[in-house]
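Please read the structure below before turning to the comments.
Chain lettering (A, B, C and D) follows the sequence in which the chains are written, and residue indices restart at 1 in each chain.
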Amino acid sequence: MDNLRKVLVSDIDSGKINIFGRLGRVRQPLPLLFNGSGIEVVVTGSELWIDIETNSDFHEPWVAYELNGALMARQMVLPGEHSICLFRNMEPTTPKRVRFYRELQAMSEDDYCKVLVKDLRLNGEFCEVPKYKRKIEFIGDSITSGEGSYGATTDIDWLAMYMSASVNYATMTAKELEADYHIISQGGWGVFCGWDNDPRHNIPSVYEKVCGLVAKGSPVDKELGTSEDYDFESWQPDVIVVNLGTNDATSFDQVPLYIPELGETYKMRKNADDSYVREDELKIENAIISFLEMLRKHNPKAHIAWCYGMLGSQLNMTITEAMNTYRQKNRDENVSFFQLPNTTMETYGSHMHPGLKSHQNATKALCDYLIEKMDWK
Amino acid sequence: MDNLRKVLVSDIDSGKINIFGRLGRVRQPLPLLFNGSGIEVVVTGSELWIDIETNSDFHEPWVAYELNGALMARQMVLPGEHSICLFRNMEPTTPKRVRFYRELQAMSEDDYCKVLVKDLRLNGEFCEVPKYKRKIEFIGDSITSGEGSYGATTDIDWLAMYMSASVNYATMTAKELEADYHIISQGGWGVFCGWDNDPRHNIPSVYEKVCGLVAKGSPVDKELGTSEDYDFESWQPDVIVVNLGTNDATSFDQVPLYIPELGETYKMRKNADDSYVREDELKIENAIISFLEMLRKHNPKAHIAWCYGMLGSQLNMTITEAMNTYRQKNRDENVSFFQLPNTTMETYGSHMHPGLKSHQNATKALCDYLIEKMDWK
Amino acid sequence: MDNLRKVLVSDIDSGKINIFGRLGRVRQPLPLLFNGSGIEVVVTGSELWIDIETNSDFHEPWVAYELNGALMARQMVLPGEHSICLFRNMEPTTPKRVRFYRELQAMSEDDYCKVLVKDLRLNGEFCEVPKYKRKIEFIGDSITSGEGSYGATTDIDWLAMYMSASVNYATMTAKELEADYHIISQGGWGVFCGWDNDPRHNIPSVYEKVCGLVAKGSPVDKELGTSEDYDFESWQPDVIVVNLGTNDATSFDQVPLYIPELGETYKMRKNADDSYVREDELKIENAIISFLEMLRKHNPKAHIAWCYGMLGSQLNMTITEAMNTYRQKNRDENVSFFQLPNTTMETYGSHMHPGLKSHQNATKALCDYLIEKMDWK
Amino acid sequence: MDNLRKVLVSDIDSGKINIFGRLGRVRQPLPLLFNGSGIEVVVTGSELWIDIETNSDFHEPWVAYELNGALMARQMVLPGEHSICLFRNMEPTTPKRVRFYRELQAMSEDDYCKVLVKDLRLNGEFCEVPKYKRKIEFIGDSITSGEGSYGATTDIDWLAMYMSASVNYATMTAKELEADYHIISQGGWGVFCGWDNDPRHNIPSVYEKVCGLVAKGSPVDKELGTSEDYDFESWQPDVIVVNLGTNDATSFDQVPLYIPELGETYKMRKNADDSYVREDELKIENAIISFLEMLRKHNPKAHIAWCYGMLGSQLNMTITEAMNTYRQKNRDENVSFFQLPNTTMETYGSHMHPGLKSHQNATKALCDYLIEKMDWK
């Protein structure tokens, strides 16, 4: 360990590091803001370490790393400085590809949660990293945050350790399609409202910020500028996969929510025949239409595929009605709707969320779809 | 065989025979008009035979039979009278459940094609047959006709022998859900036009007849009254599964079709960006809207699930736009859209149609969907 | 059908027909003596028929045929002459490969059971047939007779219709390895005795005859010479797969059997600790040793692989002890023991025998084994 | 973390902790000597930590832990003291089951390698742990050490990080059968000699010691007494699974090995026909016979199942010949041979060793076998 040289992330030549996930102004140390956010290097030498700094309150971050594409380790990181050995005693001349990433979603409920990569230490050289052919942005809720992808089927606590980027259709799809990717997701949130009817918990409201899920004015925001406008031109995806709607659908079956700060009670309502009250359904539809317009504004060329259904397809008619309205209104044919395979008793992970098998099923279907739709390969 | 007694189908007590598939006026001999049309009995005795009469020109019918739910035989039947032994030498006191059915779809292109069940011969007794809990009507194209469900992946002839009810998501779904079922399907046809742009090849135009797929005025029609109005009140489904759209989508990629009888050329058109010409897309949408209205008229209580996607999901936006228009126009919330799993390289049967594995995948997804949607079980 | 020309099987050039299964003196009409016995041709033309003659008493034969490797039909054939259309209306210039074969094992319990292929009728030409790279002989019991490969899991009658060559690891293995193959098998029989302790029901006693399973002196024997010595030199396999032992193992758990003709009672015995009485175990071992010597005598170069375990592996120690004794005694290292995957609750067919999935599992394991063992491919 | 109370492992009531793996004299801190060695507790409270001390030279240990049976984390541990949080912020009243264990095999090539569990820290109470119904001892080589169960298929370094107890048929089998279990295994070792012909690398030579794989006289041995005689009476298994032979078979294909310390060259030889030179084959057989006698001496009632074949079944005849000799010589029928499913191209992990899927296949087959053999359940 003594003979290792330290290299700041910012000092690695851009052709010799892949950085996954959205970035803001701060680049050194490198903040990993979302699940799946991480770095990838190819190095020679017998040994590689990474130095990170983390903080958190209730929801401690988890990290994982892969060697040559295979998961090697996954662990909790509590507040502090961490030096993690990524490999040692390896044959020094063979290039090793290592990806280190954040498992935990951006946490809207923890004002201190952060993962910063400071440097790597190694006794070899950085090599060219694989250049990914495509770029995909995944926008979603708990499904895309990998919630329940770890844990026993009986586990029901809502905790950081059950979420992941490692067992996640977004990561698997990006890998399978040789794509660079971004994840922007939050458990419990919707396109219009959260699972509990909270209208503040909608992804569109945070999409235009670097990481709008971090509370504005929080210590992390102050340090990292997460509430600043995101520079969309810096990274233009070929495809945007929107996997939202599951929580909006759930809200119809939940009790009314009184929000003291807003002084109002919120509730999405059903008719006697179990159909949605049209007025409330239209709230979702309008949110979808506006969000599609926002996505298009910032990503003029991306194909926008609304990919929904891993936890039921209750909102199929609603989402497609909104998408068709958007399509006609904006004369934009570069959108599509694709239903992902539902999670079944055999494919659940913990607390009734998709497990490994469900994420694999979704990956298979989504890859087949995108390859054909985009005429890839 | 000498000691068997012959019982006309019409003489079997209605509680002791299940008849699958639409029926018209003629009941003895019993016409099996569609794939999946058949009879099911439970009998004691050591031996059971069925006597059928068939005819055909180019497209000979195929039949199959099952013993206690397992496929035992499948064979071609050429024009003539056939006595088929369904089992022999079995333990006489044990009741045996036998289902005999037509494999071949109703043939719009063969004016002589028919399968008539005359009688059963047995040395035991008819027992009560299982009463199915539910009724499902499947409306579709080649997928629902089981085209390509038999045959090698390299086979490309368009022949009767490749079609089936035995390897077919409709049959499998009905069995899995313990449902009586009807199939109305035709290879190459759409909701608005056929795969080759022929606007006459649409299922709605024949839906209201007993078996409108048989040419009006043909020998079969004269004998069996297939072009007479179907008595919808005789059989009201709980669910109608509409699996149409695949051929309508294909028509956009085919050459223009000149139809001498109509004196016109037909072509569904695409824009330069590969999207559908709106005028043509609306033809499909209007056909869908009208068809949904027709279905609702005749089946006031049925849930109508448009289940599409086994050969691509190109028409998702189009179908859902039409369904939403229908839904709002008619204030009818008892419709839904569900995407079936696509067929992949590993799941193709012959001539690029779904094979066994694809039909099994569709069955699994559709059963899960219907159980939840209908709150069954 | 009128314009078809009839060609006797014996008139087809040997390079234009593959014949599967053992043959004796009689070649025209061609007897199909075992399950899997059949013919394969490649023909042009639009139509192909086969003319067969069959007979039977209790156990009627079943036949099946494949087009380009895919199963198209399977049916019972009762005593008489049968003309079966194998295809019609096909594109005439494309060569079509057709395999027609017997589903039912050689029947030791039916003195009349036979399937004779007389001729083919066609309107095209015979083409060269695929030449198989390897030859495999499969020797077995009900497992190799495909017993239970058809039928519902609840079916327990012992009937011809549940047996097959179509759903059978022997057929699947031969196809996968591009091998010509013979099957010699009989349900209920063992290497030393039958499942019910009958010592007459052992395969070695019939192995050297053309089809020793047909009763000596029976009508079929008289007509076809099935009890004549088989000409081993006519067909030398590369590998002999022996799948025997399951019934020998079962005999230990059955009641004693008194055989009036022999005036004796037979019973394989267990010790109090459930192990085999050594004296009886040695009966099996001696039978195995003698059988291996018989196999080697007639097949000097074949690798002999004892492949056992699809219905339990109780006899592993016994079989291998005998094989090792044979190996040392004869200085013959060209033998091996390979355990096949057991059948489980999920993979049973009817009457607790291997179903399709079990035969597929066995095929996968056996192919992997033989490829490596024989250094094939 | 401040309000946690520390409890030494030795102070936990024996009914409230399960300890997996062999133990010697030293119990506090608790040494985890083999892969799979670990502790299991059920606790209330919101937070649980474990304090361990580790050391190593080249081959650093890895550890993993599970929550309620699901893997949560896996990480490298370098020399030093480690406090690892096993969970935090959980609902305090619900009992949580946690298993913490060593991933890395006992390392014969690292004189410093150790993992010691000192204590747990918690803010809840220890509850009764599940009592396992059965006890199984697994004896093996790299397969049982989980070598290659982690890592990319292209990885070929021989490193600690690729080995595991978490992706391992032994662990999975024990869990599935609700069994307490011990693992004694070493990569590269055989029953007679190692893969490279080294006759010192045989498991029987170390079996009778607490952990004979640790070098006698090494610092770890001095501290933990690993070379002392193991107290077999302290833990009598119901079944011993011996998965040895793979390296003995490999030795025949390797170059001769000169061992300076022994002043001799070692080589297992093949005949021209690729069969084993009988003299060398008998060395393996004698080793097997002696090992079976040793196992029986120390485990008088255990069923001994030699379960072999995950990396080829070349030694089937050899192993069974030896087992049969043992069986007859010792009149011991309480032994059996069972072949495990081979690893195939689709189921390899890294450096051509079994991956997850192969370990799952082996688990399925072995569980089915043991349940039937032992009449469990």
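Operating definition for what follows: a contact is a pair of C-beta atoms (placed from the backbone, for glycine too) under 8 Å apart; a residue touches a chain by one contact, two chains touch by 3 or more.
Just so we're clear, the structure is a prediction, and the values are computed from it rather than from any experiment.
**Q** For the Cα fit of chain B against chain D, please give the angle of the superposing rotation, nearest 5 degrees.
**A** It is a rotation of 180 degrees, to the nearest 5.
**Q** Would you mind checking which chain's C-alpha centre is most distant from the centre of chain D?
**A** B
**Q** Between chain A and chain C, tell me the centre distance in angstrom, where each centre is the average of that chain's C-alpha atoms.
**A** Computed value for the inter-centroid distance: 57 Å.
**Q** Compute the distance, rounded to whole Å, between the mean C-alpha positions of chain A and chain B.
**A** Roughly 43 Å separates the two chain centres.
**Q** Where the centres are mean C-alpha positions, what is the separation of chain B from chain C, in Å?
**A** Between these chains, centre-to-centre, one finds 38 Å.
**Q** Please list all residues of chain D that touch 2 or more other chains.
**A** Within chain D, no residue contacts more than one other chain.
**Q** Determine the shape of the graph in which chains are vertices and touching pairs are edges (line, ring, star, complete, other).
**A** Here the contact pattern is a ring, one closed loop where every chain has two partners.
**Q** Please list, in label order, each pair of chains that touches.
**A** Applying the touch criterion to every chain pair yields A-B, A-D, B-C, C-D.
**Q** Considering only the defined contacts, which chain C positions touch chain D in the complex?
**A** Touching chain D: residues 271, 273, 275, 309, 312-313, 316-317, 320-321, 323-324, 327, 333, 335-339, 341-342, 344, 365, 368-369, 372 of chain C.
**Q** Using the touch definition up top, name the residues of chain D that touch chain A in the complex.
**A** 58-60, 62, 67-76, 78, 85, 87-91, 150-152, 154-155, 157, 159, 161, 350
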